[in-house]
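These notes open a run of structures that come right after.
Next come two complexes, and both contain chain A; in the first it sits with chain B, in the second with chain C.
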Partner chain A sequence: MLGISEIFEMFKNNMVNIPLIQPIIDALMNIPLVNYVVALVLWKPFFAIAILPGLGGIMLVLLLMVYWERKLTARIQWRVGPLEVFRPLRGLIQPMADGFRYFFQEVIVHVDAHRPYFVQLPILTFIPVLLPILFIPAGEIVAIRSPYAIQIIVALIALIPITIIGIGWASNSRFAYIGSVREAMMYFAYEVPFVIAVLAMILMYGSGDPYVIVEKQSVPGIIMNPIAFLVFFIATLMATSRLPFEIPEADQEIAFGPFVEYSGILFGIVMTLAYEKLYIMCLLMSILFFGGWSGFAIPLLGDLSPVIWLFVKAVVVMLIVALTRSIYPRFRLDQALRMGWTSMLAVSLVSLAVALAIRLSGWLG
Partner chain B sequence: MKVEKVEFDPISRIIGHINAISVGVKQAIKPERITVEYPRERRKLPDNFRGLILFEKDRCISCFRCAFICPANAIQMELYDNYYPSIDYSKCILCHFCVDSCPTTALKQTKIHDVAFRDLEEMVVHTDEMINPPELVREDTVTVEYKINRELILERKKEVENLIVEVKPVERIEYHSACINPQNCIGCALCASVCPADAISVEINEKKVLSIDINKCTGCGLCVRECPTNTLGLVKR
Partner chain C sequence: MREANEMKELSIDVPVEPPTELKPLFIPIPPEYVEDAYKKDEFLVLVGPQHPGSGHMRIIVRVDGDVIVEAIPDPGYVHRSMEKLAENRLYIQNIPLFERPAIMDNANFNLGYIRAIEEALDIEVPERAKYLRTIMAELCRIGTHLYDAAILAVFIGHTTGFMYPFAVRELICECLVKMTGARFTSSFIIPGGIRRDVDNGILNFVKKATFEIERRLKNFEKIFIKNPATIARLKDVGVLTKQEAIKYGVVGPFLRASGVEYDVRKVESYEAYDELDWEIVVADEGDGYSRFLVRVNEISQSLDIIRQAIGRIPEGDVISQDLFENVNANTKNPKDIRGAFYDVFTNLKLPLGETTTLTEAARGLLLYTIVSDGESNVPYRVRIVSPGWLYLRGFMESLKGERLADLQAIYGSFGYFPPEADR
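For the complex of A and B:
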């Protein structure tokens, strides 16, 4: 049996070390009861899940991404975008205002919906969205360290479309039905090339362990195997319903597809789903192709420095991904399917061959 | 005829992608948008902008030309000490024919284009309401000027533009009405009834006597217009 003191000792022995705020932490650790909370928050596995790159990172990314996407699209389309909510910062807190609106809006569950699933599934969707974060390490800060982390992350990401299809089914409306069928079709289109691209990278590095992968990237993976990156990038766009492949959600055709019947906070939850998935996939992308958390260490931040590097890399990738929204029109479903099963599959096989060649040449040891 | 599949060569496709992305990035960095954030900014308007119409009573000679020319029949002459125009803005198409036709610049153009009326009755702006400009709530601090030099460039200046245009009175040749063909007169007295300044009097005894008070005559030409026999004409003072 573990007593409170043993658990406290366990937390204390594995805490995030941040020299910048160390005096504050030391002072807080002397206060009874508060020290338990501080120790828990700074306990490395908890920190990884709850703060960075976990939930806190997701919240930050959501606020940033929604604003950035709207503003960037507006600029490219010669509009102004969100502006009136807090004008001095040009509408920076617009996503927060939207979030508040979702909170206080009425949640309507219509008569035809399958009530339990309709309400449950948006919340259950968080399970496959948040579980991969357990396995995404950032330097010393990691929740579960596994030699098969990349494979597990890919497997968990593959679960997300199932919940979306479930949402569409539970909504029991024609648009939601069309949307969930499209989601299933897109899932077919991208999943195989995506998995092959990830497999190519695992084959190239010789391991699914993020630590080994980051260690071996003296040259970033994107330079070693750009073809796999191309496939991964397009698969990310398809998987997260970014615009050239925004087929399941197509606003103008089927009015947000599987999520058409949602309102209020439930809509807020399902709307952010694609962004959360994008965040996870960008974290994976930066681990596989951009050297993960490697970067010069910032001494003041201590253990936080690699986390910041990983987060910044993922966010930069996300900001670039947002650009596609304003440049490309939407593909038709059959075009996307054809692309997935012909050119993308072929290119992913080529990337597998490239990875095999690099592996056999013994470059990465 | 059979519809054939459209073929693209991959190189032109890649060039197309690169073009699209470069245009997108270019616009993201420096957008060419021409948005004017209206209540806080105003576009700089030219002086001859066709906005709300103001009226200066002292210059008006009651020549009715504005009312005659109005294509929308929005101008009605109202009787005060003389006949002065009133504008029904529910009919007015802001063509400014009245301003152009006014011989004495009594009607003046302004740059005011954002006017709100509560109801249709209020849209009939009477003469006394046209003398002073309407009450304006100005939120703008920046004036945006569109400069067209092959490309459209927006120039923002931190200044507040005066929306009332100063119109100088024109130097015009003074006319007065006179009998140029007295033998034509049939004594119908239409000129006397139409004269807004009561300058013409017609007496019919044995002789027809048409007398014009040159001091009262404003040279509006209404009598010349009405005269059916071409008796009257305008001559220089």
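For the complex of A and C:
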């Protein structure tokens, strides 16, 4: 039986070490009760889930991504984009203003909806979004360390479409129904090439352990196997319903598909779902293709340095992904399915062959 | 398209009840039709009128899986009873009214009505006015095509393709501002000419603007017209063959996209069109992409027409002398109607009878018929048949057999504009 003091000791022995704010932490640790909180927050598994790269990172990414996407699209389209909310920072807090608007808007639950599921599913979607983060390590900061982490992450990402289909079902409306069928179909389109591309990388590195993978990337994975990266990138676009594969949501065709009946803060939550999924997939992408958390260590940040590296890499990938929105129109569902099962599948098999060749050449040992 | 049907289906005999929500919507289909659809394992999707991809109309789409079996239009949500309103207004007061069906295309709509009046009164329009009317009509044609291209782009999810044409359209609006004083719906064309002369400096500006429009459209071409995803979405979608297009009475660029070489500007030439060199743009495929390309190529033809017209425009009056018969001599100015407007036009009466004109508006053939009783200064009856109304049937027929996602792509490829069709 663990007592309070044992748990506290456990927290204290496994805390994130940040030299920059160490004096403050030392001071806080001397205050009774506050030290429990500080120890919990800085306990490495909790820090990974709740602060970085977990929930805190997601919030930060949401604010940044929404702003960046609007601003970038505006620049491409000969416009200015968000500007009026806090002019000194060129409208940087516009997403926050949008969030407040969602928060104070009335939430309408229509009579045909399956009320309990309709209301709770948007909140429950955070579970499959946060589960993969348990297994995404960033240097020393990791929640659950496993030699099969990559495989587990890929499996857990597959849970996200189920909640979206559940949302569409609970909405009980025509367009939501069509949207959830489209979501299921899109999942069917990208999942096999996506898994094969990840398998190719696992085969190439000879392990599903992120620590081994990062260690072996003296040359980034994208240079060793660019074909797998291509498949992974397109699968990311499909999985997160970004244009040109924004098929389940397709606002002009089926009016945001599964989310058509949502309003207020519930819509705000479901709208961020795709961004959260994109964040997870970009974290996975940086581990597999961009050397994960490797990068020169910043002594002042201590344990935080690798986390920052991983976060920055993922965010940079996300910022590039945002570009597709202003370049492509939307494909049709059958075209996307055909693409997934012909060209993408073929290319993913080629990437598997490339991985096999690298493995057999003994380059990575 | 319909491979799924060839597989053997397991039929499960579940009693299906048509949804009650269809009853209070006053949709133009009998209840038996709804029951029939639901018994056959099909599905009715009501697209519109409050839908981001429907415009101001409702389309009742009967789908089998993802494939459209039948599409029934329910137009009339923006009906403004223009024909009836016209019966209580002076001929001259109807000009602003008849610009409103399609405000992007105001000059062509204005021109059709004015030409009907001129034909009835047998007024000869001065050459310079004809050229200026041609330039305005072509500017509005480009503006409308750009507007439709923008709507098409956003309907298939391309927001950049939406913004670029609207930005280019600003140049057209700027030209119209300099020429007429208003961005659109300027009511500038009047019976017997135009309101006032446009000086050559402004015409030079318009000429320069045509080159700038051409330059900016290259960006649009790069990002949208030649985009592989755009081509994938529009190619072989919503095909109307030549026979079908003629049978369903499709008009304008959409008829020409199916390979029929028909353009009112060539067939029954009006204004200055027969004095300029230009070609009818035709395509053979009759699919969504060719309907779009025909209009894109028409933009470059129109730009060419404008440049030629500016190069060849003669000097002279812009208002016909016939109008000034009963006017005080010191307000008589054949270059500017201001001062004499009410004297000339308030008591305008058309001779007894019926006059019909055909005009090539941006979206196709536009028909105006004015019936006059010969004694009152308001029309007895005005009939407008707008291009949107004419090709609505072809639009609905081309939807059959396509996928539900193609509904918006085909809608955009037709550039269907409910206010124009509903009048």
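Some observations on this one:
Going forward, the second predicted complex is superposed on the first by the 365 of 365 C-alpha atoms of A that agree within 3 Å, B and C clash if a C-alpha of one lies under 4 Å from a C-alpha of the other, contacts with A are read in each partner's own complex, and residues count from 1 in each chain.
Throughout what follows, a contact is a pair of C-beta atoms (placed from the backbone, for glycine too) under 8 Å apart; a residue touches a chain by one contact, two chains touch by 3 or more.
Quick caveat: nothing in here was measured; it's all calculated off a predicted structure.
Contacts of A:A255 after superposition on the shared chain: chain C is touched, whereas chain B is not.
Applying the stated contact rule after C-alpha superposition, one finds that A:R332 touches chain C and leaves chain B untouched. In the superposed model, A:R174 lies in contact with chain C only, and not with chain B.
Applying the stated contact rule after C-alpha superposition, one finds that A:L323 touches chain B and leaves chain C untouched. Of the two partners chain B and chain C, more residues of chain A are touched by C. Residue contacts after overlaying the shared chain place A:E246 against chain C, while chain B stays out of touching range.
In the superposition on chain A, contact of A:V80 is made with chain B only, not with chain C. By the touch criterion defined above, A:L72 reaches chain B but does not reach chain C. Once the two complexes are overlaid on the shared chain, A:A346 sits clear of chain B and of chain C alike. Common to the chain B and chain C contact sets on chain A are residues 76, 78-79, 326-328. Only residues 43, 45-46, 51-53, 66, 153-161, 163-164, 167, 223-224, 227, 229-230, 232-233, 403-408 of chain C touch chain A when the two sit together in their complex. Looking at the complex, you find that chain B touches chain A at residues 20-21, 23-25, 27-28, 31-35, 37.
Considering their complex, residues 73, 76-79, 174-175, 178, 243-244, 246-247, 250-253, 255, 325-335 of chain A touch chain C.
Residues of chain A touching chain B in their complex: 72, 75-76, 78-80, 83, 323, 326-328.
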